[in-house]
Every structure is written in structure tokens, then in C-alpha cells.
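One chain, chain A, links the two complexes that follow: it is found with chain B in the first and with chain C in the second.
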Partner chain A sequence: MELLKRQETWNITYTHALGETASWFYVQLRDHGKLYGKRDAKSGRVLVPPRAFSDQTLEPTTDWVEVGPGGRIETFTIVYEEFNGLPPPPYAFGYVKLDHADTAIGGFFRGVDLSNQEVAAEQLKIGTRVMTKVAEKRIGDVLDFWFEPSTD
Partner chain B sequence: MSGRVGIIGIGQSAFVSRRDDASYPDLVREAVTLALNDAKMELDGIEAIVYSLSPDAMVGIGNAERLGVDAVGARNKRFLRINTGGATGISSVEAAYYHVASGACDVVMTAGADKVGECGDSQTVLNKIWDPTYERQLPLGTITMLAMSGVRYADKYGMTQADMARVVVKNRMHASKNPNAHLRKQTTIEEVMASRMISWPIKLFDCCPQSSGGAAMVLASERYIKERNLDAVWITGLGHCSETYYLGDRMGTGFTADHADAYALRNAFNRAFKMAGITDSAKQVDVAEIYAPFSNTEFHSIEAAQLAPLGASPAMLREGQFQLGGEGVVVNPSGGTLCTNAIAVTAMVRVAEIALQVWGRAGAHQVKGAKRGIASGNGGDHQFFGTMVVEA
Partner chain C sequence: MTYLVKTGVIGAAIMPHVTGLKQSLEEVLYDVTQRALRDAGLTIEDIDGIVTGGNDQYDGRAISVMAASGSVGGVDRDILSTPSSGEHAFVMGTLRVASGHFKTQLIVAWSPTEASSLAEVQRLAADPYFHRRLPQDEMGAHAMQANVLLAQMPGLMETAQKVSAKNRSNGQSAYPGIAADGEMGSRYPLKAGMASAATTGAVALVLASEDFVAEHKIANVAWISGMGWATDAAFIGDRDLSQSPALVAAAEQAYGAAGITDALASFDVAELADATPFQELLAYEALGLAKRGDWKDSVESGVFSKSGKLPVNLSGGAQSLNPVYCSGLIRIAEVALQVLGRAGAHQLENVRTGLAHAASGDAMMYNTVVVMRRGEQGVSP
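After this line comes the complex of A and B, so read on.
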């Protein structure tokens, strides 16, 4: 028998409040091009991205600590497949432990030729030193910054 | 309550990409009918339903359990929806177990279905599970998240892409024997290695398919089973464990759980093992159905189940372990999540498959003489882990 289908697209708009902690973090990034973490008082770990509370103790985090701009790659991937609604491939992104931070923050990697998969993966391997770069025009968002392998 | 909780009926679809002959509720009802027939029961005998449904956007129906109520015959019955992402199916079996173990009910059914093949944008849906403040802007999805686990695992223990390919070859061989599996064509290491790169180091053949189909199980109290002299297998252990949300906290300095491994899954297994009296799973378990949607994740899951020391499973697979006809514990004789992934019920199928194994009803993929099996499910951003021990 003839079997019918019906296509539908969901396009839903949200306006998310970022809260005090992320707002302060993004304002520093937007206005001064600097990144900060927040300290978990009990463990002493500097959490980046900063959160209002420790997910280990539920206690409020304490002081702000400037982190980066240098860091080391903790993990990465390079995407060669196109997914609807996600950036056109290829692109590389992953997590970087910024200097003076204890946790890693996600961001794109740029400045690496991704055409040869093995060569690119070697250039992004765990432990690689990177430098944070910030966009000239910043809006206060994760995409205001990215990482590039250090040349020094 | 006194006594154990048994499994008395199992139903699962033959999973495929699309089921254009069946709407979403039709698929749920198909599994329910199969499970009731298997249990030789009428719907009236079921006292409660635990409804297995992961993110709504995958089926494209908001709170689709509303439609599911009809398909499971839940009118006038207790009804709960469970969602722990990819772990949903095993969490649902566990919630059904709790209904019986608490003494609230004697007979409970858990059921669900998924139509992942109808969602053209599953990685877009899965990107939406990330926090909109710091992480959603990045193209995170389940593939990239677990690719990043694979990169760390390879760096820590030396896993190669050929090792990953070996998992695919094993599981496809197993799936070729399982009529309900979705990807049933056997493959070779060369073919896996030649498949296109999706998200380094995961290639197309290292990925699970987007499957459509349903699953259902009927659980009952030992008293009910004994009174009616029913055939059953027994849930002797179960566990859950969760991990905090931020991937970036599972690396850096001073972390507890390494994103390379499956730390919380190990804790979940230990909880289930303790309950079942298992002290050495590698020796005391015959078969495992562990949730691994990408080839690399089977390694850290095998290790979390302590069927191999940390980092040792790739070498053990190279030596021929974990496969049907090989040495030691057989892992994913159904072909596993790698060959079939209807997300809402995938982790339920893990439990159903070990139940069939210890029952001796697994057919061509039967592990000979299996008496004790373990199952697991993983959900969220590698956060929610459910485990179960099932025995004959």
C-alpha cells in the first residue's frame, strides 16, 4: 500500500538568562579580552568556565582568578562530516586547560591545516601548548575566543 | 517485599532505519504485544507501566508519553515516564524492578520505542543537551563528545584506530546472527579503516546507526511467578551512578573521573555486583551486553565492568577475547548498540538480550551455557549509568 509521510521543522526561540557568574565572566571577556575562573574553596580547584557553586560540595565558589592566555590541549576532535545546523566541516575543537586553571574549557582550534587528518591530529595532540586568541569584535560569548598552537 | 524480581516476558522489534508502516504509538504497541505474548499474559494482568522515552525531539513529539499511554494500555494503571538519555531503557527496567521490589505491584511492564531514523538532525538534537551558557555554541554532540573520550583513551593506553575497527568487526559478526539487529552485514578491519572520517578518531563504521523499533519487558514478583509456575530469569543486582555535567572537569588537574574512562559506570557496576555477590566479574559472568554506541567506547565500558584491567581490553580483543566462540566473557553477542540504536529502548534491549542469553533463548547468537549476564546503559554527556545482573 502507499505509505505517506509528513515533514515538520521545529524552530523554537529561547532567551536564556546567563546569571551573575557567567555574566561577569563574559563582560570581562567582552570588555577586556580576559578569561577568569572561580575557585572551589574546599578543593582549591579553579573552575573554568566559572560556576556559582562547586558541583562537589554545593558550596558557593569564592574568588575570581585570571586564567590563560596560554594553555594545554586536554582533548580534541576534528569533524569532517556535515551535520545540519552545525558549522560546515572541517573544523577542530576540544578542551584546553588554561594556565592557572584546574579544569578545561571548550573552544575551537584554529591555525591548523585540517586537510591531512593524521598531520592535523598530531598538531592537536594532548599536551600541545596553545595560546588563546580573542576576536576584535566581541559580544560576550564562548565564540569570542579560540585557541591556536603556540609558536614559541 | 520478600523474594526476588523475575523477568517473564520480552518483546523487541526487528530494528531498521525507518518503519513507514508504523506510527510512533504503533511501534510501541508492537513491542507490548510481543512481550505480552512472550509472557502468555493479557493486558489486564499488568498493574503498572514504566514508559521508556529519551529526549522528545528525537521522535519529534513533545512529551510523547502522552501518546504512549494508549499504546501500552495504561488506562487505569500506574504510569511513569523515565528519561536518562541513552540509559533510559535500563533505568526503565530498574524503575519497573523497584515497583515490584517495593511490594507495590506484582506485575509491571516497561515499554517504549524510538524512530531515530525519522529525525534528520539527530546530532543537532543532541547538541541541545549541552548548557546554553558556555557549551552549546560549540558543535558538541554525542559523536564529538565520545570522540574526545577516544582521543584521551588512545593517548592514555595506546588504542589504535585498528583496535577500534576490531570492535566493529566483532559486533557486526555477532549482529549477523541476530535477526533483530539493524546493521547485520559483516565487515573487515580494512573496510572499517577505509570508511570516511566523521569525527577524529571515529569513522563512519565506528558509529551506531539511527534505528527505529520498540522494546518491552514484563517483570513480576517471585511469589507471583512461583504461584503460577511461570518460566523466568532473575534480576539479582542493579546499580546506578551519575557523573557531574562538565566534560572539562574530567581532565586538567586534580580530577576524579577521567573522560578517557567510564568512572561512574565502574561504580554503577560495583553496586550491582555487590548486590549479586559478584567479586570477580571476569570469572563469574558469562555474557555482557554493555552500552557502547561508538567502537572506542566499548573498551572503557569493558574495563568499567572489570572484564579487563584499565587499558588492557584492546590487547585482549586482539587476542580473540570477548567474541562468540572466543575465550572469556562474550561482550555484546547481539551486535550491541554499535549495530542497533533506537535510543529510547537501546539500554532496555541490553537487559532483554542478557535475559534471553541466560534463559537459553538467544538463538544463533546464544552464548553456550550462559547462566549469568550483565548489562549497562549510558546517558547524558557520559553522565548517567545503569547496570544490571540477570541470572537463570
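After this line comes the complex of A and C, so read on.
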């Protein structure tokens, strides 16, 4: 028998509140091109991305600490599947522990030729030093910054 | 943890690869429920509570229990739902019987592939503040976990490929003709043959209390003698991806309840989470089956192969059939069926004890461990 399919597309827009902590982080990034973490006083750890509280100690975080711009690649992947709202793949992204931070923040890697996977993977090798770069025009978003392997 | 009432699995049904357009999601859920009830020798009238595990984004339908309740018998019957993972439905159902409040439970989880992109669906699980903009889905996180292990352990790729080959070979025997050999979208450093394409699937189990088993003279029971579950941090940048503290904690809880001290010597069969072979390797260590320094030798000498000391993933695992959202609950159902002696083509002889590990989320964030035994040894009172 003839079997039918029904295709549905829903386009719902959500407007999420970032809260004071993420707002302050993104305002600094947007207006000054700098990244900050927030310290969990109980453990002493500087959390990046910043959070209002530590999910380890459940204590409110206290002081802001400027982190980076240098850092070290903790892990990465190269993705060959297209994602909505991003330029065509491949994408190189991963997690970088910025200087003075105790946790790693996710971001894109640039300045790496992704056409040769082996060469790209060598350039992004775990442990590689990277430098944070920020866009000329910033809107206060994850895409305002990215990481490039350090040349020095 | 103390369980008040001894609880066991008395029936299960696995539909790991539903294809075609002959059944709507609700019809699949009806089908898998009826199969599990038949396997248990019960009807829905014998069931006094239901726990379902469903993911709204996968289903394309909000509040998954609304799609399920009519199909699984939830009309005018106690039914609860969890979105965190299919295996958590099992945990909740077991606790409901073990608490003495229920005599039976039906557990159902499902995983359709009707969304245009499972990667985008999973991306919706990321927080919208710091991670949503990244092209990060579960397999991307799994790949980054693999990368950390590979950086620490030269030569591990070869061992991982052998784990994949083992599971895919098991899958061809267990589910001939349907075990997938397709590939999930590529993510470095995963290689071809290390992550199977998502399938549509569903799974259901029937649980019963010791009293119910006695009253209905049910001879064959996979008693749940230990169970543990734990969760790692949600931000993967907070984690050391080379370790799985949540799985270690879950194993301690399950082994403690079941009185397991030497894990490798304690089980006849195991089903472990293997969305990538690196996860199965990590599970060997966290579950006390093989330390990482022994992974290569254990895999190469066949400790976890079909005829080895502890066959792991005789079903082929998620490497062979991966209905992503219910792959974890399927690991538990596969072990239950092995202990019940009804696993089908891949049934091992004389299975008395089994170990199931279910993982879900980014890079094995959620971990659940279940120990099952045939015979009289049940949960510790």
C-alpha cells in the first residue's frame, strides 16, 4: 500500500537571559576584547567560561580573573558535517585552557589549513600553545573570539 | 544502597533497527511493549506502573510521554517519564519495585531518526550561553575524548580498531542482515568503522518483585543485584576526558550492592557502552575489567572476545546498531536476555551473571551500571 510521510518544520525563536555573570563576560569581550574567568573561592579554581556558582562546590564564585590570551589545547576535533548557522564545513574546534584558568573553554581554531587532515591535526596537537584572537567587530558572542596556534 | 524488595527483569524486547514507513512512532511503541509483555508472559493488566525514557527533540514532539502513554498502556495507569536517558527509566522503575510500592514495572525507551539532523538535535542540548554556537554534538564530544586518550597513549588507535572489529563481527552474528555497517558523520580522530550510523529503535523491559515472581510461579528471572548511576560535569571543558569518575562511582555503587570485588572474575557476559571503541576501553578500566596499561594485551589476547574470559558486546553493541537515545537501555536489555537465556542468535551458554553499562550524553557524561544474576541471589536486603 501507499505509505505517507509528513514533513514538519518549526521555527520558534527563544530569547534567553544570560544572567549577570555571562553578561559581564560578554560585555568585556565585546567592548575590550578580553576574556575573564570567575574564581570559586572554596576550591580556588578559576572557572572559564565564568559561572555564578561552582557546580563542584555549589558556592557562589567571587572575583573576576583575566585569562589568556595565551593558552594550551586540551582537545580538539575536526567536523566534516554541516551545522546550521555556521559557514560550510570542515570546522576545527575544541577546548583551550587559557593562562590563569583552571577549566577549558570551547572555541574555534583558525589559521590552520583543514584541507589536509593529517597536517591540520599535527598543528592542533593536544598541548599546543595557542593565542586568542578577537574579531574587529564584536557582538558579545562565542564567535567573537577564536584560537590560533602560537607562532612564537 | 539498600533495596527493600528483591527485583528482577522477567521479560524484554529489543527492536534495534526499525525501517520503512509501516509503523508510526506510536505503533513502534505499542509493538515493542506488546513484545516485552509476551516475553514476560504477562498482559498490561499485570503492570502497575510504567516509566518511559524519551527525548522530545529526537521525537519532534514535546513531552514524550504524551506520544507514549496510549501506546505503552499508560491510559488510566501510573506512568512517569524521564528525558535524561533511556537507562534512567530503568533505574527509576527498578527503584519503584525495590521500594515495595509497586509489584511490576514496564520500562520503555525509543529513538527515532525522523529529524533532519541528529547532530542539530543534540546541539540543542547544549547551553545557549557558551556552547550552542559550536558544532558540538555527542559524537563530536566522543571524538574529543578519543583524542585525549590517543594523545596520552601512543598506539591506542590500533587497539580501538580491534575493539570496533570485534563488536562489528559480533553484530553480524547477532543481528545478521540488519547490523549496520554505515558510518556516523566523520569527526576527527575517529576512523571509518568506529561509529555506526544512527538507527531507529525501541526497547522495553518488564520488572517484577520477588513476591510477584513467586505468586505467578515465574521460573526465569534476571535478578537485579546491584545498580549504580552517576553524572559528570555538563561543561566538558571542566572534565578530564581521559577519565570517567562518574562511571567509577556508578560501578562502586553497583558492585557494592552486588558484593562484587573481582569484576573480571564475576561475570559471564557484559554489554558496555561503545558509541566509540574508546568508550568501551575507558569502561574496561572504570569497571575494573582491565587497567589502561592492559588494554592492548587484553584486547589482542581476546579476553573480551566471543570465546574469551568475559565476552563484551556479543550483541555487536552500538558499534553495530545504534538507536542513539535507547542504546544504553538496550545494553541492559541485552544482558537481561542473556541471563534469561533468551538473547537469540548470540545467546551464550550457561549465563548466570551479567554486567551492563549504559552511557549517554557528551563523552559519556551519564553512566549507569547494572549487575544481574540468575537464580536465588537477588538484591541485598
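Keep in mind that, in the parts below, the second predicted complex is superposed on the first by the 147 of 152 C-alpha atoms of A that agree within 3 Å, B and C clash if a C-alpha of one lies under 4 Å from a C-alpha of the other, contacts with A are read in each partner's own complex, and residues count from 1 in each chain.
Going forward, contacts are C-beta pairs under 8 Å (C-beta built on N, C-alpha and C of every residue); 3 or more make two chains touch, one makes a residue touch a chain.
Just so we're clear, the structure is a prediction, and the values are computed from it rather than from any experiment.
**Student:** State whether A:87 touches chain B only (first), chain C only (second), both chains, or neither.
**Tutor:** After superposition on chain A, A:87 lies in contact with chain B alone.
**Student:** Given the touch rule stated above, what does A:52 touch, chain B (first), chain C (second), both, or neither?
**Tutor:** Touch partners of A:52: none, neither chain B nor chain C.
**Student:** Is A:3 contacted by the first partner chain B, the second partner chain C, both or neither?
**Tutor:** In the superposition, A:3 touches chain B and chain C alike.
**Student:** Return first, second, both or neither, reflecting whether A:43 touches chain B, chain C, both chains, or no partner chain.
**Tutor:** first
**Student:** State whether A:139 touches chain B only (first), chain C only (second), both chains, or neither.
**Tutor:** Neither: A:139 stays clear of chain B and chain C.
**Student:** Considering each complex separately, which residues of chain A are in contact with chain B in the first and with chain C in the second?
**Tutor:** Touching chain B and chain C on chain A: residues 3, 5, 8, 14, 16, 18, 22, 47-49, 55-56, 74-81, 83-86, 91, 93-95, 97, 103-108, 117, 121, 125-126, 141-143.
**Student:** Quick check: in the complex, which residue numbers of chain B touch chain A?
**Tutor:** 20-21, 57, 60, 120-121, 123-124, 127, 132-135, 137-141, 144, 147-149, 151-152, 155, 196-202, 244-249, 251-255, 259
**Student:** Along chain A, where are the residues that touch chain B in the complex?
**Tutor:** Within the complex, chain A contacts chain B at residues 3, 5, 8, 10, 14, 16, 18-19, 22, 43, 45, 47-49, 55-56, 74-81, 83-87, 91, 93-95, 97, 101-108, 117, 120-121, 125-126, 141-143.
**Student:** Would you pull the chain A residues touching chain C in the complex into a rising list?
**Tutor:** 3-5, 8, 14, 16, 18, 22, 47-49, 55-56, 74-81, 83-86, 89, 91, 93-95, 97, 103-108, 117, 121, 125-127, 141-143
**Student:** Would you tell me which residues of chain C are touching chain A in their complex?
**Tutor:** Answer in residue numbers: 20-22, 60, 117, 119-120, 123, 128-131, 133-136, 140, 143-145, 147-148, 151, 185-189, 233-238, 241.
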